[in-house]
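Two complexes are shown next, each including subunit A; its partner changes from subunit B in the first to subunit C in the second.
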Partner chain A sequence: MKYVAKKILVLFGTLVVLSFLVFVAFQAVKGDAALSQLGDNATKEQVEALREELGLNDFILVRYGRWLSGAVRGDFGNSSNYSMTVKELMRDKITVTVQLAMISLGLILLIGLPIGIASSGIRSTAGDIAAGVFNQIVMAIPPFFLGIFITWLCGLVLAWFTPGGYVSLSENFKEGIHFLFFPALAIAIPKAFMLIKFIRDSMAGQKSMGYVRTARSKGNSHGRVLYKHMLKNALIPVITFFAMIVAEVFAGSIVIEQVFGVPGIGRLLVVSIANRDFNVILAIVLYIAVIVLTANAVVDVLYHILDPRVSLE
Partner chain B sequence: MAFLEMNGLTLSVPEAGRGRKIAADQITFSMQEGEILGIVGESGSGKSITALSILGLNAEEIQIEAGSIVFEDDELLDNKEKDWLALRGSRISMIFQEPMTSLNPVMKAGPQVEEMLLLHEPALAEEQRKSRVLEIFAEVGLKDPEEVFDQYPHRLSGGMQQRVMIAMAMICKPKLLIADEPTTALDASVQDQILALMRKLNESYGVSILLISHDLRVIHSICSHVLVMKAGRIVEQGEIEAVFYHPKETYTKNLLAAIPTSTEDDFLKREQNLSQEAEVTFAVKDLTKSFLIKGERLFGPKTRQVIFQDLSFEVKKGEFVGLLGESGCGKSTLCKCICGLEMPDVGEITFPQAVRENRKPRISMVFQNPYSSMNPVKKVGWILEEPLRLSHVPAETRSARVKAMMEKVGLDETFAKRRMDQLSGGQRQRVAIGLALMEEPDLVILDEPVSALDVTIQAQILALLKQLKKELGLTFLFVSHDKNVVYEVCDRIFRMEEGSLREVTGKESEQ
Partner chain C sequence: MKREKTYRILGLAILGIVFLFALIGWIHTPYDPDKMNGQTKFLAPCLAHLFGCDQFGRDVFSRVAVGCGTTFLISVAVVSIGAALGTLLGAFSGYIGGAFDRILMRISDIIASFPSIFLALVMIGIIGTGTPNLIVSLGIVFIPTFARVVRSEYVVQKELDYVKHAKLMGTGILRIMFIHILPNCRRSLLSTLTIAFNSAVLAEAGMSFLGLGVQPPTASLGRMLSEAQSNLLRAPWVAIFSGLFILFAVLGFGLLAASFSERS
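Here is the complex of A and B:
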C-alpha cells in the first residue's frame, strides 16, 4: 500500500515537472498557434490580436498555471489545428494506438518467447551460429522498410488488405483487425527478434551459474535444467527489457502509423508538431510519460513477484 | 573389486593459444566402500575436474583423453546420457563450495530437495515426498524443518544452506558423496559443524565420501586416506596419518610446513615485538553503533539492533593488530567506522598525527578478493599510479614511485604492463597491497587478505606483510576469522564476540 501510494506520488510529481519543462522548451520554438491558425497572409496586427485573445502574451508562469488548473480537472484545452478539444481528439487516437499496441505486443510475445526459449536450448555450435546470424539480420531491418515490404507483399501482391485504408474496430471488428494486423506485424517483427536475442543472452549467462551445475548433478535432463531451473532466473532481466518495448509500442510508432495510414498517436504527434499545435503536443508528451512510468512501476512489482530476493522499498 | 576405481584418467583443457593442455595426467586411485578419501591440492592442481568427471559434469571443453572410471562394476566413461541421469543424485551425489550460489535462488529450499525424489523415486506421493524431505532436514541438523521447507535460500545462513545442500545430496541415500570444498566459504565454527555432520552421515548411512579441499586441516580432520595432487598429477597417496606425519615427497612436506598452526598459547609465549614508540596511530573511545531494523509487520515499529557498544582501545604506530571474530560479530562494521564509511552513534575515533598535521587520516584497505575490487581493463602500472594521479603528483616521479613500490611488494617491473586477469591470486594480492601503500597510509586495514589463497601462497603473503611492516613502520589492522593465521602474525589480538571486544592477553577479565 505504502509502495503504491509512493509510486502514484512520484508519477504526479514527474508529470508536473515534465509538463513545465515542455512549456518552457516551447518558448524557444519559433511560431505559435496564432501564427499557424491565421496562415502566412495575416497581418502583424491580426496575429497580435489573436495572441492576446488566446492569452499567449501572458507571463509563462501565468499561462502554465492556467493550463495546470485546467489539466487537473481533465481539461487540456483546445487543439488549434483541429476544431475540437484536446481531450476528444486524444480519446480517438489513443484508442487506435492502444489497439495497435495490444496486437503488436501479443505478436511480440507469441513470436519472441517460444523462439527465444527454444533457441537457447540449441546445443550444436552450427545451429547456434545459424540462429544468431538469422536473428541479427531480422533485427537489423529498419521498421519503415519492413512496413513498405509488408504493404507491398500482403497489400498489393497478395491483396489481403487495402493499403492506406482504415476501418475502426468498433465499426467493423473483422475488417478493422485486417487493417491493424499488418502494421502490428511490422512493429512486432524487429522487436520480437530483439526479445529473442535478449532471452538467448540471458539464458546463456545463466549456464555458468552454480545452481545449474547443482541441477545437473541431481540427474535433471537438459530440458528440465532449462525449463525448471534456468528459465525463471533468466526471465527476470528480460522483464525490464520487455517494459521498454511496451512503453515504446504504446507511445505509438510514428513511422509505421505513417506508412500504413493508421490514425493513431504517432501520426497525430507529427501533424501537431508541424502545426505548432501546442496543447496537443503537451498532452501527447504526458501520455507517453504516464505509459513509461506505469510500465516501470509494473516492472518493479513483477521483479518482486518473480525474484524473492527483491523487496519493494 | 574396489568400490570406485580410477585408472589412468587423463583430461585435457583448451589452451589460450591453440591446442590443448593436459590438466589431469594418468590419475589412478581406488576407494573402498565406506571410506572417506581426501584429495588435497592447490588451485589448478586438477582435483576438481578429476572429481567432476566421476559424475560426467565437466564443462564441454574439457576432454577425456584416456583412462577409465569403474564404479560398482560399471564403466562410467561408457555411459550414455540416460545412464548419467540415472546415476547422478541417486547413486552418486555432490555438494559444492558456495552453498548460496549452488541453490536455485528463485526456488524454495524444500522443493529443491524434493526434486531429487521426483527424479529418482517417481512412485512416491506428494505427502510422502514432503515427509521424507522434513525427515532428512531434521537428520542434517536443521532445527525447524517445516520453516526451512518454505524458505528461499537467501533467507538462510551459509551453514543452513550447506545443510540443505547435504540434505539434497543424501535424500536418495547415495553410495558416494563428492564434496568439492564444502566448508571453504563458511565460518570456522560452522566449518567444524559441517565436517562433523559429514562424519556422522558416513557412519550412519555408510556413504563413502570423496572430499576435495585445498585446506589440509579439513582433510586431516575427517579423512582416512588422502591423495596429494600437484599440476594435474598425484604426487603422493596413502593413509592420512602416514602422509601427514611421514610425508615422502618434498611437495607434501612444503605444503604441510606452510600451514599456520599457531595457537593462542604459541601467541602468548612468543616474544611480542611491541612497538617501542609511544605514538598512538589511532584511538577509539566509547564507540557505539546500532542499526534500525525494519519491523516484522508492514507498519510495525522499527527495532534498534546494537552492533557493538562502548568500545575503547588504542593502536600504536608500528603494531600488527589482529581482529578475530565470526561473520556477523560486527568486525566489518567496526572497520567501516574506522574508515569513515559508517558514522558511529556515539564515541569518536581519532588519528593524532592527522589532527596535528591538520589533514584527513589516510587509511587504506586490502580485501579478500582483489580481482573484484580493481578495474579489470586497466594495466597494473595504471592501477598503482591512480592514487598519485589523484593527488597531482607530477608524471615524472609517478612511474618511479610505482616501480619502487612494485619492487617492495615483490613484483617484477614487467608486471606493470599486465592486466589483473593475467596474474595469479598471490600476485593480485601483492598488487592490492602495493596500491594500499602507495600514499604512506596511517593505517592499513587488511580484511581477510589471505583467506582465498592456497597455503603456500598464504605463507608468502604473510611473510611479505611482516617484512613491509618492519621496513616501513606500518600499522596494520588484520581482520580474519582464521585463528591460526592471526596467532601467527599479529603482535596484539582483539577478539570480537557479540558486540564486545576483548584483548587476548592470557590474563582473564580485560576490557
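Here is the complex of A and C:
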C-alpha cells in the first residue's frame, strides 16, 4: 500500500515538473501575446496595458501556477487557431483516439499472444534466422507506409472501406468499428510482431531454469512443461513490455490518424504544431504524458504483485 | 554466430543500395528532380523513367535518389548531435556519480518511457518546423539514449585496475575519461549508433510525412510518400518506391543493430 502511494506521488511530481518545463519552453518561444493581439500600430502604452491585463508581466512561477490551477479543473485556456476553448476542442477528439487505441490494443493481443505462444515451442537455427529476418522487416515498415498500403489494398483495390470516410462510433456503431478497424490494424501489426518476438525470447530465457529440468525429469511431456509450467513465468515480463506498447500505440495513432483521416488527438496535435497553437499543444502533451506515465506506474505495481521477488526500489 | 553474420551481411548490403542512391542524388541524377513536365504526368515505370513519374511529371528515380541523400545527411547530423552530447553527459554522470548522476538518470528514465516520435513532436512544437529545427529537435531527443549507455559503461570501467593505475600516476581526470576509458566503450557505442540511426531515419521520414520536417521543394522520402497518398490509384509507384527506400534504410540499420545484440 505504501508502495502504491509512493508511486502515485512520484507520478504527480513528474507530471508537474514535466508540464512546468514545457510551459516555460513555450513561454520563451511564444513571443509577446499582447503585441500580436494588438498588431503593429498599437502604442507602447496600449501594449503595456494589455500585458498587465493578460497577466504577462507576472513572474513565470505565478503564471505557471495560474495555468496549473486551471488545468486541474480541465481549463486549458483558448486555442489561438480555432475560436474555441481547448477543452471543447479536445473533448470529442480524445474519445476518438481512445477508441482507436483500444481496438489497436485488442488486435495486438489477438494477433501477438496466440502466435507468440504457439511459435515459442518451435526452434531451429534456420527457422530462427528466417523468423528473425522476417521480424526485422515487419518492425522496419514505417507505420505511415503500412497505413498507405492498407488504404491502397483494402480501401481502393478491394474496396472493403472508404478511405477518409470516418464515421463516429456514437453515430453508427457498426460502421464506426468497420472504419476504425483498418487504421487500428496499421497500428497493431508492427507491435504484434514485437510482442511475438518478446514472448519467444522470454520463453527461451525460461528454458535453462532449474524448475524446467525438474518438471521434465518427473516425466512431464514437452508440451505440458512448455505450456503449463514455463508459460506462466514467461508471461510476467510481457506485462512490462505492455506498458511500452500502450505508449507506442498512442504515438502510432498520431501518424496513423493523419494517414486515414481520423479526427483524433494526433491529428489535432500535428495541426497545432504547424500553427504554433501552444495552449493546445501543451494540453495534448500533458494528456499523452498522463497516459504513458500511468501505464508505467500501473505495470510496476502489477509486476510487483505477480512476482514478489522483484524488489520495490 | 551464424545468425550474427547473416544479419550483418544482409544489413550492410541493404544499406549499400541506399547509400548508392544517396551518392547518385548528390553527384548526378538522370533528370532534374524538381522539374515539372506536363507530358510525363503519371507516367508508369519504363526504361526512360525507371520508377515512373509523379503528379507533376517529375522523375521519381531522381527524386528518390535526392531524398535518400537528404535523409542520410539529416540522420548523420541528428545522430552526431545526440552521440556527442549524450556521450559527454553520460561520461560525467557515470564517472563522477553522486547527486548529479541520480538526477540525470531519473530524467532520462522518464524521457525514455516516451516514444521517440512523440518527443520529436514536442521538440518541434517548441522550436518550430523546417530542416535545421528538425535536426536540432531530433538530435536532442537522442541524447538520453547515448547518455544511458555511456554512463553504464563508465560505472563499470572506473572500478577497473587500469583506471586506478592511471589515477595513481596523476593522470588528469579529463584524460582518463576520454583518452583511457572512452575507447573501451566503442563496442556498446557502435551498437547504440546503429539503433540511433534506425530511429533517426524513421523519425525524419515521419516528421517530413506529417509536413513538420523537410519543407518543399526539397525532395524528401517522407514528404514524397505523403504527396503520393492522394494519387494512390493513378500512380502507386510514387508511394511504393519512396516508401520502399525508407523501409530499406530503417531495415539496414535494424539488421546491423540485431547483429550487435546477437554478439553480446
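Miscellaneous remarks
The working rule: the second predicted complex is superposed on the first by the 255 of 313 C-alpha atoms of A that agree within 3 Å, B and C clash if a C-alpha of one lies under 4 Å from a C-alpha of the other, contacts with A are read in each partner's own complex, and residues count from 1 in each chain.
By definition in this document, contacts are C-beta pairs under 8 Å (C-beta built on N, C-alpha and C of every residue); 3 or more make two chains touch, one makes a residue touch a chain.
Computed from a prediction, not measured in an experiment: that's the story for all the values here.
The superposed arrangement places subunit B and subunit C in clashing positions on subunit A. After overlaying the two complexes on the shared chain, residue contacts for A:307 are found with subunit B alone; subunit C is out of touch. Which of subunit B and subunit C touches more residues of subunit A: that partner is C.
Of the two partner chains, subunit B is the only one touched by A:232; subunit C is not.
In the superposed model, A:274 lies in contact with subunit C only, and not with subunit B. By the document's definition of touching, of the two partners only subunit C reaches A:132; subunit B does not.
In the superposition on chain A, no contact is made by A:290 with either subunit B or subunit C. Once the two complexes are laid over each other on the shared chain, residue contacts for A:109 go to neither subunit B nor subunit C.
In the overlay built on the shared chain, the residue A:154 is in contact with neither subunit B nor subunit C. Of the two partner chains, neither subunit B nor subunit C is touched by A:98. Those residues of subunit C whose C-beta lies close enough to touch subunit A in the complex are 2-3, 6-7, 10, 110, 113-115, 117-118, 121-122, 124-129, 198, 202, 205-206, 209-212, 222, 225-226, 228-229, 232-233, 236, 239, 243, 246-247, 250-251, 254-255, 258. Partner subunit A is touched in their complex by these residues of subunit B: 55, 57, 81, 84-90, 93-94, 96, 98, 101-107, 115-116, 119-120, 152, 154, 165, 168, 298-299. Subunit A makes touch with subunit C in their complex at residues 14, 18, 22, 25-26, 29, 125, 128-129, 132-133, 136-137, 139-145, 148-149, 151-152, 156, 243-244, 247-248, 250-252, 254-255, 258-259, 269-270, 272-274, 276, 278, 281, 285, 288-289, 292-293, 296.
The residues of subunit A lying in touch with subunit B in their complex are 1-2, 209-211, 213-221, 228-229, 232-233, 236, 306-309.
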